[in-house]
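One chain, chain A, appears in both complexes that follow, with chain B as partner in the first and chain C in the second.
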Partner chain A sequence: MKNPLYLLQRALTYLVLIVASLLSVFPFFWLLVGATNTSADIIKGKADIGGALIDNILTFFERVDVPLVFWNSIYIAVTATFLTLLVSSLAGYAFEIFRSQVRERIFGGMLLMLSIPFAALMIPLFTMMGRLGLINNHLAIILPGIASIFIIFYFRQATKAFPRELRDAARIDGLKEWQIFFYIYLPVMRSTYAAATIIVFMLNWNNYLWPLIVLQTNDKKTLTLVVSSLLSGYYPDFGVIMVATIFATLPILIIFFVLQRRFVEGMLGSIK
Partner chain B sequence: MLCGGERFDLARTGLARTERLNGWMFIMPALVLLGVFMIYPILWSLWMSFQVGRGMNLSFGGFANILRLTQDPVFQRALSNTFIFLIVQVPIMLVLALIFATMLNDSKLWGRSLFRTAIFLPCVTSLVAYSVLFRSLFLADGFVNDFLLGLHLISEPIPWLADPFWAKIVIIMAITWRWTGYNMIFYLAAMQNIDRSIYESAKIDGVPTWARFWYLTVPMLKPVILFTSVISTIGTLQLFDEVNNIPPNAGGPSDATLTLSLYIYNLSFRFMPSFGYAATVSYVIVILVGILSYFQFMVVRDKRR
Partner chain C sequence: MPNKLNGLRTLVGAATLGASVLAMTSALAGEVTVWCWDPNFNGATMLEAAARYAADHPDFTINVVDFAKADVEQKLQAQLASGTTDGLPDIVLIEDYRAQKYLQSFPGSFEPLGGAIDTSKFAPYKVELASLNGQSYSVPFDSGVTGFFYRTDYLADAGYSEADLQDITWDQLIEIGKAVEAKTGHKLLSVDINDSGIIRIMMQSAGTWYFTEDGQVNIEGNAAFKTALGAWQRVLQSDIYKPTSGWTDYTGAFASGEVAGTITGVWITATIKANPELAGKWGVAPIPKIDFEGATHASNLGGSSWYVLASAPQKAEAIDFLKEIWASDVDFYQKILIDQGAFGTLTEARNGPAFQASDAFFSGQPVWQNFTSWLAEIPGVNYGIFTEEADTAVAAQLPVLKDGGDLDEAIKQIDAQVKQQTM
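So, the complex of A and B:
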């Protein structure tokens, strides 16, 4: 069927996909090139490699306590991810394994809570954190996200594929329920955990609005907040911002390329 | 229970009790946290929405805040901006995602995974990071204007971020760039579950490509399409990071990109806080999201039938 119409359609498909891919990737190229240019050049739209990379990096390290800020981001993301996976996977597992009418109803209620927008929570949460003395404290960022309805759903869904015989065998061998969870379920479900880890880590790493409200001094801020505060105002130094943005984007980009399949899986799964 | 008989029931009571106990022990940490950080705040916020006053001096004001909504031009601006983003951006993005997914769902396509990765790549950026890129690309003398002038597509620079109309366009392009690939992978995943033989027989029967797309793919993807439109809608209703970072002055120029979330943020944290009124505005989002979630629920129910 190699008629002209087919060939035309083929050509059109490639054209559309090539243009879409170029548009998708170009801003990344712009980011890399931008880091080597002075702010004045970026403002003028210069899109080739310049000689200001070292200067930009030095200025970035001069203006911002980079190791500290990097550590803040890592600390929040890692702690939050660990606790979220622990608490939410325990719940997701239990909703599936120990069924009861009351818990089914609670689960249904959680379905409704999925659509509660964060904007409606942030004012009471802010007041609450104020009363607890947690303003400008990383705990205030970590705590509210630990029980994630998305992740609970994700694990309940995944648990449906957890072989019942495994659990029965473990029980006959005399393992307690918590032992079954930690010694049998956890290792068996490691690919589910991997996918969830990537997603939760990324959400925390990229989190913006809530840290913006809670973290007020420079020594507490995360990379995302630093990028945003460098950008504020009418005359930001774009060269420095590009360097900061690379720092903020690179960890996730690396995770994506190393674990691409799990990454996509997690994105599909955490929402389903 | 599967096993009947009194003997079994007796033996089971002890087991059933530990099951019950374990069931609660495992979900208790999550339930407590959800209670403290979600249910309590959402109820508190409802209570707050009836409070008037500034800072910490709040008093009960009945429906005063709701009345204020109807007389507040800034709120109405934010509401209409949010809806413009919703109505214009979500359909464009979903149609593009559907087109790309259809093109990529062809095993004979050369460079398939390369294209897929490229189009998905924007999803790894944080919303603040890509806001940086869009701000710097769309500056008055910046790259995009240079490029368009160079191609003679425009005769003078477009005031992207200084003009209320163009600023909205930049926001719409930015969100589309960031999220099209994300929606695309949902469609691709769903397409892989469609039975190939339907397409093969349609092809043999001489059904043209566009008709196969329109009469086969789209109806079969209906649940996913509705699902993605609901999550995109909920996301758009909460739009904040981009409009706070892409324009040089958040929500600007002259409130052209002000969204409901940004207005709530401004009301509570940027100016002298009026938490009560901000809570009322936040409940507008709750209600809008609630209505949309109801539609989602109806759709899911229809699918199960």
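So, the complex of A and C:
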């Protein structure tokens, strides 16, 4: 029964997969190992566990006000994610449910705006924030992203799968439009919200260019900015940078794993 | 169900409240703000300077904000372009190669300092690069005065002493490299093959640049440039170096002892000294000379200077601070040389004890005296505003030259690319 050619094919497939997974895991391995080595050892290419982990962590905490910076990043990412999901999902829902010629045009125009690169918006946006007195203020980072065209588009697409019958039934039961949204739509679309949360949280957590431009003092900086400023200089301490990078990666991993379970839950819920 | 909604309302309310509390915090008044990019280097020297100034001026406070170097540049560029001065610092550190770009692109944004600060106290090339229309705009900070950093033990094994490395040409360097590899098995240099820094070193050592004084492209027909590129092509085609890619790879080659040395700016000292087990095994010689009339053994790579913004809220205080410490305090320069390896450009500083001392790490050579002598000999050039663009054009041709490409053709290509980008 066992075809030798088939076996060979399988073996080859697995070989390629193993090599590919090693390649993708290696940077993480290198990151973890690097955090335990001194900068000088990292430069020499040492790839086994060293004894400098505690030193690196202590230096990181000594050089950077870690709790404050961490709080800044968390505050921005959580607030922005919450507000973005609220505003953009409402908009996406409305564009799909309450259609009209004019709204289609507006939506088309918005999609076109997706093609404008941020670099072109940066300086006008900075001037605007300057006039609002929001330079060096976390609100300057949170506010511009709340009405996210991409997330609006995403929710509009997802809303197409939202059963009209549910809406009709809710209306017959006497629910108002906003009640339909919060009590019917929101729970049903849990999986969509979970996926959007991952996307928006990651975008905000990793956001670099705009916070860099608009934040001016050390006490306002986010973790991404701190990692970048550690990397500067004529003699960067790579051990500390590795530790900082681990700190910057952890929340994303946690969010992902937590929401991944929700994600599956949501899928099961919608099948029932 | 209504309970659930109340919960949501409370949450929205709390978020809004949190946001408005945050909006109320504002910057501290009366503080001199500085933007720089290396907390261990220029940031640390700035704090030391501030501590000295505060001894006589108890009210003086400083806020040193560090970003990555490219980040400082981007922030400054974006903010000056937006025309919003709100949130700009009082003092900013700018890399020398980019000075003219800022000075010429944003006229009026920087404060002329020639009146307040006696620029004749600094190395002339540093003052020249930050001058525009007869005004000088900077307080010079560190120099990138260049040297040939080498392993004394490897070179001794190959039969070369300190004296044999004085007044050599690039072709002699190739011969030395061949001998070192034959006798010790080590390559002579670590070379980042994507970096055109060495061409900049060679050009400035002969007093020339990619651009003329009045900003015209000076590449095709620039005999010194051709000599420099030709000399480097011969090095690239020899087998005396280890090709590396990126900073980590480049520094790793000599930090690990694999390679016998490198030719670069004095700021590499901190990286070299980070390997204390190699103490006493390093030395510094002058860089080789290109075969061109008027060429020297002295050049520069990198370096940066302090600038005061015209919009600075604490302008008078910032200038006085720079004047009292950065433009006069000889002791201060001794301290930052020892603590941060920062090689300042105040000429008087060389008479201080730290500059006079010989360095045990560098085999007891009087390296700091040597560097100060070379510093004074660096030919002044005008870096213009498009050095970065020209660098990219040169870097693109280096692999071609390495593979035996025609020198004149490469120069033609570089010239065309620079003109296309900048005219």
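Details
Note that in this section the second predicted complex is superposed on the first by the 238 of 272 C-alpha atoms of A that agree within 3 Å, B and C clash if a C-alpha of one lies under 4 Å from a C-alpha of the other, contacts with A are read in each partner's own complex, and residues count from 1 in each chain.
Note that contacts are C-beta pairs under 8 Å (C-beta built on N, C-alpha and C of every residue); 3 or more make two chains touch, one makes a residue touch a chain.
Since this is a predicted model, take the numbers as computed values, not measurements.
On the shared subunit chain A, the superposed partners chain B and chain C overlap sterically. For chain A, the partner that touches more of its residues is B, with chain B and chain C as the two candidates.
After overlaying the two complexes on the shared chain, residue contacts for A:A20 are found with chain B alone; chain C is out of touch. Once the two complexes are overlaid on the shared chain, A:A120 sits against chain B while remaining clear of chain C.
In the superposition on chain A, A:L231 contacts both chain B and chain C.
In the superposed model, A:F256 lies in contact with chain B only, and not with chain C. By the touch criterion defined above, A:G45 reaches both chain B and chain C. In the superposition on chain A, contact of A:A94 is made with chain B only, not with chain C.
In the superposed model, A:N137 lies in contact with chain C only, and not with chain B. Clashing C-alpha atoms with chain B after superposition occur in a single stretch of chain C, namely 241-249 (options considered: 133-141, 151-159, 223-231 or 241-249). Touched by chain B in one complex and by chain C in the other are residues 42-45, 122-124, 126-127, 209, 213, 228, 231, 233-234, 238 of chain A. Put simply, chain C touches chain A in their complex at residues 1, 4-5, 8, 11-12, 15, 18-19, 22-23, 25, 27, 33, 37-41, 63, 65-71, 74-75, 78-79, 81-84, 86-87, 89, 248, 251-252, 255-256, 267-268, 270-271, 274-275.
The residues of chain B lying in touch with chain A in their complex are 18-20, 22-23, 25-27, 29-34, 37-42, 44-45, 48, 96, 99-100, 103-104, 106, 109, 111, 114-115, 117-137, 139, 141-147, 177, 181-182, 185-186, 189, 209, 231, 234, 237-238, 240-241, 244-245, 248-249, 260-261, 264-265, 268-269, 275, 278-279, 282-283, 285-286, 289-290, 292-293. Residues 9, 13, 16-18, 20-21, 23-25, 27-28, 30-31, 34, 42-47, 87-88, 90-91, 93-95, 97-100, 103, 106, 110, 112-128, 143-144, 146-147, 149, 152, 177, 181, 202, 205-206, 208-209, 213, 224, 227-228, 231, 233-234, 238, 241-242, 245, 248-249, 252-253, 256, 260, 264, 267-268, 271 of chain A are the ones touching chain B in the complex. Across the interface of their complex, chain C is touched by residues 39-40, 42-45, 63, 75, 79, 82-83, 86, 122-124, 126-127, 130-131, 133-139, 142, 182-183, 209, 212-213, 216-218, 225, 228-229, 231-235, 237-238 of chain A.
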